[in-house]
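In this document, chain identifiers A, B and C correspond to the written order of the chains, with residue numbering beginning at 1 in each.
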């Protein structure tokens, strides 16, 4: 993506990075826990955005891959004693395989059917996780306890601080990987497949391979996020991975901005904190209104979509473009105009 | 054999509810190419509306028709006020808007009516039909109502000028405008009809699944499955899909794998069907022009 | 109103006491000031388990009532009840917020098995009482490994064993089928039933069928269970599904002896939707009074409950079994606080929670008492069997203990 105002973008990125690094030293354990959750969600959203935003394959079921990553990590750690820094990559690799395999039948479906099929996957996940046959491994409906890792090499960090930094490192590395991916040949191929699949094939792009691999990579991201979640929360159970999780992911990438990796952070902040804000807003309605946060959340969603139909990233681009038009009257970047219209004409 | 007939019968009954919901989904899909994820919650809210009327003393059928009419109006209003502004937005933006609507209706129902399970009367009470008790009176009634709704909708679209106008608006909005059809209002009416049909589904389902704010979630899920199985752009296909999913769920759970994984297996079957026929059993096959 | 305003008030109070030198030992306890004790819980106010949210609302209202009567030993009880949507990661987050931000004294009656398992280690590691968890899972009565965690209601295992004993006594050649929820609650029932039957009678259980909470109905499962030829049916299901199961057994003309979990004993939410005449003969284990039972009309305990509902809740909650439950929990909590006297440190609270002797509550059945001790972390272990006669639950036999 063309950086409209390169300097201000780098400055913002730098400020964010410094804040992120200094944060653990003045934040409480609770805030570190929340921050770690935000990073975990951001990783999952990065993955989902690769698939849905850049490659146009709508998935409503990424909670399933998140669950596989979480349970995989938990089982490896709790039942097989594997240390977390080995367990999470393994779980991620398993998810890559699962995603890649799921990508094959997905090739046959059009956008809508894929959405519904993945929706079905999200709904079926808790049931598959609590299948009695797997109980010895999964701990059944009581779930699995995962011991929280402590800082290695005797570093003077609390478990919360260490986990936050670990999530930060993973998020940064995966963001860097994803952004390299989309900037390069692969990214262009993915975008081409999304916008003009037939033209892309004619140009020699192996759509099937790219699409299934994209599914695999996005599942890998979700799986790593799930694994990190397992060690940060310290517990996995079927209830941790229900439909609301997959829906939250979808909300996250749309609010953050499809086709924008930077939007993943905004989306993660949204789905982590806005429900809490909705909770606070209903306090004034009195005790019977404990049910209302859901309504407030729904209203907020609609308002945000009205205000920013292309997500936060789209809004940022629009503002940047306004500024640029005033300054340069420059050319428009086609990719920057994209907002995820989905279907080919 | 008796057990098999039982499973078949209750599968068909609930399948009827799925079929009606699938029909509502298809109506909106055909007009807008969007899946209304809030359809279930809207239907639930309509059902609560009817329940409230009956609580105030209204007789069943009057409350029923009042709820249907109110839902129609509600659907039109929602389309004009909330859906219309997003007509040109990306697909996923609309999906989020529908999710927001679903949250709103669910929370409103919980706030207004509480979360406890309530009973909802059936108009078909009485001794089970066909003597042997394979099917309760209500279940038989649901199937009849489903067929009636299907016929009415078919007749409406096929034989009335308004129905024709709506079909035209959905298929070719530009040309329709050129011949004077108010395409925008056709969409709104489509939403109204879908909401009304959803209300019927909710009121048919409530005596079976009982009334509570979360009652339609499972139903909507299977309605999706049915619509996908039958073909989302074919009303009869979707309805058939609804019945098929209802029966399949029961039979798979009873005879093939046991209830513990029947949800997963049923969904796997649907995915398998889609791999074989990607547009659903009766959907139009999409051929992309180069 | 309790959340924001009193949070600000109490943080001001907390700041004030932090500034001054703490005098009485109670003032140094977290969450405790001269005028108030702050406690926290998580409840599923949203999501699929939202029906249980009534419990939290009832308890909040109950403490409001106690506060208006002067509080306990001069202190008001400030319950901060947060929504976790029944999602364990959210439970951990909200609980950490309660402990680390709101600085509550302890956690009271948080709801759900997975949510409570998720926070159990954290609370025990930090020596914070996890009082009266709102779940019947037996794993929470484990004073040896988790000395800071204590249950309240009869465990599902206990109840299933009571049913099993009754079946063995009254119908030793029975063929048993069970419908159970595919989660911790249902599976514990299944385990309890098997334990109660024992190895010698294990063959009596001939068919099991589970259901998911996301399914619309359990009609299909009931038909399958009928097909096994069983003549005893155990319904380990939550209200909505229990009602469906009761109705369906009647509609298909199947007449097994039906045992049902106490979780679903609400006449208004289960028996009535199922059909009062279709529910005749259902047996359940009871430990509380059903508010729709005319038998308690002039009972002083019920009148106390009804007065509370009238003043602090809405009318349709009178008949809500979960409101009765919350009422009982509130009363238990107040008793513990009373027993603590001036020492409201966490250790003292835990000690008194494990020191309840023959406590009777207004809405507990006569004869049922709460008892705890350092090696007994199951406060209520008695239930009576009752049979539904078409209008109310008729107790038969004595109060049984597991």
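What we mean here is this: contacts are C-beta pairs under 8 Å (C-beta built on N, C-alpha and C of every residue); 3 or more make two chains touch, one makes a residue touch a chain.
The shown structure was predicted, so the numbers you read here are calculated from the model rather than taken from an experiment.
> Taking each chain's centre as the mean of its CA atoms, which one is most distant from chain A?
Comparing chain centres, C lies farthest from chain A.
> When contacts are scored as defined above, which chain pair ends up with more C-beta pairs, A-B or B-C?
A-B
> Please work out the Cα centroid separation of chain B and chain C, and write it as a whole number of Å.
A distance of 36 Å separates the two centres.
> Just how far, in Å, is the C-alpha centre of chain B from the one of chain A?
31
> For chain A, write out the residues touching at least two other chains, lowest number first.
123, 127, 132, 288, 291, 293-294
> Listing for chain C: what residues touch at least two other chains?
Within chain C, the residues that touch at least two other chains are 46, 48, 50, 53, 182, 212, 214.
> Which parts of chain B, given as residue numbers and ranges, touch two or more other chains?
Within chain B, residues 107, 110, 115, 221, 260, 263 contact more than one other chain.
> For the complex, give me every residue of chain B touching chain A.
Per the touch definition, chain B meets chain A at residues 33, 35, 82, 85-86, 89-93, 95-97, 99-104, 106-108, 110-111, 115, 221, 224-225, 227-228, 232, 260-261, 263-264, 267, 270-271, 274-275, 278-280, 286, 288, 290.
> State the interface residues of chain A toward chain C in the complex, per the touch definition above.
For this pair, the touching residues of chain A are 28-30, 33-34, 37, 123, 126-127, 130, 132, 140-143, 145, 229, 233-240, 242-245, 279-280, 283-284, 286-288, 290-291, 293-294.
> In the complex of these two chains, what residues of chain B are touching chain C?
That would be residues 3, 6-7, 10-11, 14, 107, 110, 114-119, 128, 133-134, 136, 205, 208-210, 212-215, 217-219, 221-222, 249-250, 253-254, 258-260, 263 of chain B.
> Spell out the part of chain C that touches chain B in their complex, as residue ranges.
Within the complex, chain C touches chain B at residues 46, 48, 50-51, 53-54, 182, 209-212, 214-217, 219-221, 223-224, 226-227, 239-240, 243-244, 248, 251-253, 266, 268-270, 272-273, 316-317, 320, 322.
> Tell me, which parts of chain A touch chain B in their complex?
52, 58, 105, 108-113, 115-117, 119-121, 123-124, 127-128, 131-132, 197-198, 202, 247, 250-251, 253-255, 258, 288-289, 291-302, 305-306, 309-310, 339-344
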